[in-house]
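Take a look at these structures.
Look for chain A in each of the two complexes below; its partner is chain B in the first and chain C in the second.
Right, the complex of A and B next:
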């Protein structure tokens, strides 16, 4: 299973970063969001830390949807999905491999979004950075576990349109955690601290990872 | 090796296959023929475990055809290739994904077998249909599969590649693999086969040796849709 996982992740990263359009589309969408929201500020005004964290996670979420659509579309060009289904390994390895590739790509996009948030939205990283880094990794894990699961619906007609309808409501708790701890990193003082949000993100990660392992085989199937 | 009992397949109300029962043994080549829309590709996909039958069972020496514990080489109408990867990278991916320990020299040797070694570092996206099919053949043959399902493998191949294909099919049988070959070119492929199966009107219309098939053709005329 590990070999298939690593093979899928390596192939997806190679095709996306070196042979395809890379993250251009996803990054442009993120930039657009930051730019449009920056226009809502008056001259000399700054977006609140909570607002900036919200825009950061909104950009990350849209970016992650594009990333997983792109990753699963790779298998639809010459129907390589069927080839993956025939491999003598658990098909969950494909879900895990795509999750790892998507996680890496999302982190790369966020490495660009963070300085953009600081510059365009007038933020500075004056709060606790370690919890912010932890929540970034935890929220990204959940986003990618679920994104990879629902990305499997790519190329399945009407079921594909369910992706965004199902995805966004499920992600709300994780995004709330990301926004809350992110705003603390941008300087908002919170009496409760990040502890509760970190635990919540861990719990949702566990649920989404388990759901991915259990359900992927049903979603990523042959011609029916 | 593979036993199919009462296989039927419906897409909505439309029947594609009805009550197909047959078995396939190791070390044999079966030629599956029939007209367009006869259900050949559907039957092969059921054998591969890529499609579930609406009724009946397909079992692989005791395990379901969809089981992942065996090695099946399936060559269908799509090539399963990634156009953005080179020929070598495509083979490396399928080799790694399939759990094979093949180094670059081994992979180049596999490409050499299908005459693609000089194009090893060219992207599959620029290959002609015939070259893509040869690369697809290399992908299928690379793991020495126990079951080789070839759905019109001659599509796009030139004469030399067809000779190579025939040699590989015979080598697979000699190795003990069970080969099912779907073809419209009965005259060219029948000499390879131990057995011919004719699908007609959604049913198995003939199942016998090539000599019996020839006798049936002589007695009743060329099957209209083969």
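Right, the complex of A and C next:
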């Protein structure tokens, strides 16, 4: 199963990155959010660390919705979904493969968003970086587990806007974890530290990785 | 000729009567709270609304699991009815909660775990109801909604814990010591919860019956 999972991920990454517009749409949307939010600063003012972390995760979340919409739209052309369904592996290989591809693309986008946050929102990385890196990976894992599960709605008549409506409320715990630890990385002092948020993000990942494995087969089918 | 009333109608009528009787307990029997005065009476409406809204979402969760296992169309209609009832009750709980917050804490909104969880559930199940209105084959839509119904409820404890870590100011309603309610207040709130429960069951069954009838009419239209 792992070999076919990696094959699905590789296929999605190749199809997304090798094409002209690849990740451009998602990146542009993220940039725009940073730019628009930077307008809220007066002359000589800087956005607070918590505000900057919120904008970073908001951009990442919108970017993530576009990434998974795009990944699942790949198979909607010429009814190619049936090809994936005929894969000689459990259907969960598709979910996991797309999660891995989405995770890689999201990390690439965030590698661009971080310097943008520093430049546009006047931040510097003066806090603890290891917990921030850990929470980034944990939050991205949760985002991609749930994104890959609900991204399958893309082929069921739902559009990106609907995916956002269903997905965003469910992501609240992860976003709070990302924002809290992110603001600490940007210099906010917190007496509680990042420990509780790291545990919460781990719990979220465990719940939704299990939910994805169990439920994806019911969402992604060719019986309509 | 008048049709014999069924269980749903009887429960709704008795529920309405019980809620009306509870008003005597609320306004005459229960003492006024010293600090908040008359506004504290909101609590006797707010608590049952919030509890039965959460129960509605629990019904959606359990019904969705049952639907995925057995594929019974009646269960899907029960989930739809419970989601509609839950969104209605949680919406009302939010409005009453906001009024309470303004008087009690001096703000319209605060990041309290229970308020936040109710708001996130309201968002998630509103999205679920939008999903139910999508134009896709009936059985497919039911399955997709069942998956979302399960995933949305899995998020409840995580949202609650994350909002608690973020910050909390909610009163301890049934606290064993240091605060809590006077015995008369406790009796009144228990009576209100039970009366609302009667009304809730009746409303749920009535709505489910409407949805069953709608399906039968649709089936007859398709046959004609």
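Methods note: the second predicted complex is superposed on the first by the 217 of 224 C-alpha atoms of A that agree within 3 Å, B and C clash if a C-alpha of one lies under 4 Å from a C-alpha of the other, contacts with A are read in each partner's own complex, and residues count from 1 in each chain.
Here, contacts are C-beta pairs under 8 Å (C-beta built on N, C-alpha and C of every residue); 3 or more make two chains touch, one makes a residue touch a chain.
Not measured: the values here are computed from a predicted model.
Trainee: Given the touch rule stated above, what does A:187 touch, chain B (first), chain C (second), both, or neither?
Mentor: Neither partner.
Trainee: Looking at the overlay, does A:153 come into contact with chain B only (first), chain C only (second), both, or neither?
Mentor: After superposing on A, A:153 lies in contact with chain C but is clear of chain B.
Trainee: Of the partners chain B and chain C, which touch A:19 in the superposed model: first, second, both, neither?
Mentor: The answer is first: A:19 touches chain B but not chain C.
Trainee: Should A:219 be classified as contacting the first partner (chain B), the second (chain C), both, or neither?
Mentor: second
Trainee: Would you sort A:122 into first (chain B), second (chain C), both or neither based on which partner it touches?
Mentor: In the superposition, A:122 touches no partner, neither chain B nor chain C.
Trainee: With both complexes overlaid on chain A, does A:177 touch chain B (first), chain C (second), both or neither?
Mentor: So A:177 only meets chain C here.
Trainee: Tell me the contact category for A:169 with respect to chain B and chain C: first, second, both or neither.
Mentor: After superposition on chain A, A:169 lies in contact with chain C alone.
Trainee: Once the two structures are fitted together, what part of chain A is touched by chain B and by chain C alike?
Mentor: Common interface on chain A, chain B vs chain C: 223-224.
Trainee: Using the touch definition up top, name the residues of chain A that touch chain C in the complex.
Mentor: Touch list, chain A to chain C: 146, 149-150, 153, 156-158, 162, 165-166, 168-170, 172-173, 176-177, 180, 192, 196-197, 200, 203-204, 207-208, 211, 215, 218-219, 221, 223-224.
Trainee: Can you tell me which positions in chain C touch chain A when the two form their complex?
Mentor: Within the complex, chain C touches chain A at residues 68, 116, 120-121, 123-124, 126-128, 130-131, 134-137, 140-141, 143-144, 146-148, 150-152, 154-155, 158-159, 161-163, 165-166.
Trainee: Taking the complex as given, what residues does chain B use to touch chain A?
Mentor: Residues 45, 48-52, 68-72, 74, 76, 78-85, 89, 93-94, 96-99, 123, 139 of chain B touch chain A in their complex.
Trainee: Which positions of chain A touch chain B when the two form their complex?
Mentor: Residue positions touching the partner: 3-4, 6-8, 10-11, 14-15, 19-20, 74, 77-80, 82-91, 222-224.
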